[in-house]
Amino acid sequence: MNAPPNAEQIDPVMVAVTEMQGLADLFSRMQNVCWSKCIPNVREGILAMGEMSCVDRCVSKYFDVHKMVGEKLQEQMQKAQMQQPGATPS
Amino acid sequence: LNDMQMQDSLNTYNGLVERCFNECITHFRAKDLEKAETGCIERCVTKFMAFSQRIGTRFQEKNMQQATPPSQ
Amino acid sequence: MNAPPNAEQIDPVMVAVTEMQGLADLFSRMQNVCWSKCIPNVREGILAMGEMSCVDRCVSKYFDVHKMVGEKLQEQMQKAQMQQPGATPS
Amino acid sequence: LNDMQMQDSLNTYNGLVERCFNECITHFRAKDLEKAETGCIERCVTKFMAFSQRIGTRFQEKNMQQATPPSQ
Amino acid sequence: MNAPPNAEQIDPVMVAVTEMQGLADLFSRMQNVCWSKCIPNVREGILAMGEMSCVDRCVSKYFDVHKMVGEKLQEQMQKAQMQQPGATPS
Amino acid sequence: LNDMQMQDSLNTYNGLVERCFNECITHFRAKDLEKAETGCIERCVTKFMAFSQRIGTRFQEKNMQQATPPSQ
């Protein structure tokens, strides 16, 4: 809290920490999603073959969706900045 | 505060990914996205943006309405 | 963040930050709830008329519930402080 | 630590709102709460308070039981 | 992060805070789980007898599971450190 | 950063407890765990560890693949 005065606004350490938190958040969500999509039960204490490949594909697809959403978001935001819609009928 | 905002938008982003993944990805027969899936993701993001804008506007209206100015 | 030493206990900046976090948390929960209540699918990339009004009403009701829960909570806590129940049968 | 507690009670509050909303609000034909809904919300809060008190007491009992005093 | 040099690595205050956060997280998860397992509806504003004992048992079992998972995790991690599996078929 | 890691593993631990509890505990007729339940919890933890290791490895592979080195 007693940081040097001018490093306040864009502290590179905080940026790195935030990035890491973003990655940790991404991982933890992916883990939850892929567990619920790929692991139907715990009747066995090991991963079955089918579960393993499901996990692999789930990770692969999750990354692809992550990337796609990022691109789409940016594209949308640029569009939104350009046209700025006004009317919102209720 | 700035960090908090960064954190917030990251959460929104990651939340949107999770939402659209759950909505659009239903099987794992292959590791690449299929055409139907990418189309669904696109609509999901567009729809979420529209939803998000509308709900954000309504939220701010309500929030202002409700806020009583602090007497200091 | 470089507050004077003795302002530690009730730092107004922290109060403001907490309030903002509370509001952000409220918004994010409302967003999740109203999405799941009002958006049944993403077969179209746009909001249908019915979805729009559902969202509007969802926000309105969510705020009302938020307010009501707050009032009810306070009322309950005052009651609890006055009578202080002792016995908790198992 | 103080901030943490504030944060905690805010989370509990917001969590309760979400819980009771999900429990009691089932349709969006109008923008105002109906009688049945407000009644449900009231019961939801009262019940949650009772639940919360009981689970909190049990939690603390268990937690004390389990805690081995640190040898410093 | 440019805190006084030696208090950096194992700040006892941070350890205590983290422990408290862990406990708070445990409690909040337990609360959610036991609510959804024991409280089927809010048709009445009071806890029914059966709900009360369900809550008591839910807490008891949750603590037992918490303890058991902790032990099992440690055991597994020790095993993992000893054998270090290499092959991961896809 | 160190604190963050501690926080993370605590979250993983608490999350695992919640997951396995939901998976394995289905009734509350008694306050002690039954044989079937403890067996289920054991398998749940073992399976989660295997799952976790696999998904962690895949995640890191993907993450490295995707990361473009910063030009500083």
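We call the chains A, B, C, D, E and F, going by the order they appear; numbering starts again at 1 in every chain.
We take it that a residue touches a chain if its C-beta (ideal position, glycine included) is under 8 Å from a C-beta of that chain, and two chains touch if they have at least 3 such contacts.
A quick map from chain label to UniProt name: A, C, E = Mitochondrial import inner membrane translocase subunit.
All of these numbers come straight from a predicted model, not from anything done at the bench.
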Which of A-F and C-D has more C-beta pairs touching across its chains: C-D
Relative to subunit A, chain with the most remote C-alpha centre: D
Inter-centroid spacing, subunit F versus subunit B (mean Cα positions, whole Å): 26
Centroid distance [mean C-alpha coordinates] between subunit E and subunit D, Å: 18
Distance between chain centroids, defined by C-alpha means - subunit C, subunit F (Å): 29
Interface hub residues of subunit B, defined as touching at least two other chains: 11, 15, 20, 24, 42, 46, 54
Sites on subunit A at which at least two other chains make contact: 3, 17, 21, 52-53, 56, 60, 88
Complex contacts: residues of subunit B adjacent to subunit C: 1, 4, 8, 11-12, 15, 19-20, 23-24, 40, 42-44, 46-48, 50-52, 54-56, 58-59, 62-63, 66
Complex contacts: residues of subunit C adjacent to subunit B: 17, 20-21, 23-24, 27-28, 30-32, 34-35, 39, 41-47, 51-52, 55-56, 58-60, 63, 67
Footprint of subunit F on subunit E - complex, ascending: 1, 9-11, 14-15, 17-18, 21-22, 25-26, 29, 33, 37-38, 53-54, 56-58, 60-62, 64-66, 68-70, 72-73, 76, 80, 88
Subunit B to subunit A touching residues, read off their complex: 2-3, 6-7, 10-11, 13-18, 20-22, 24-25, 28-33, 37-38, 41-42, 45-46, 49, 53-54, 57
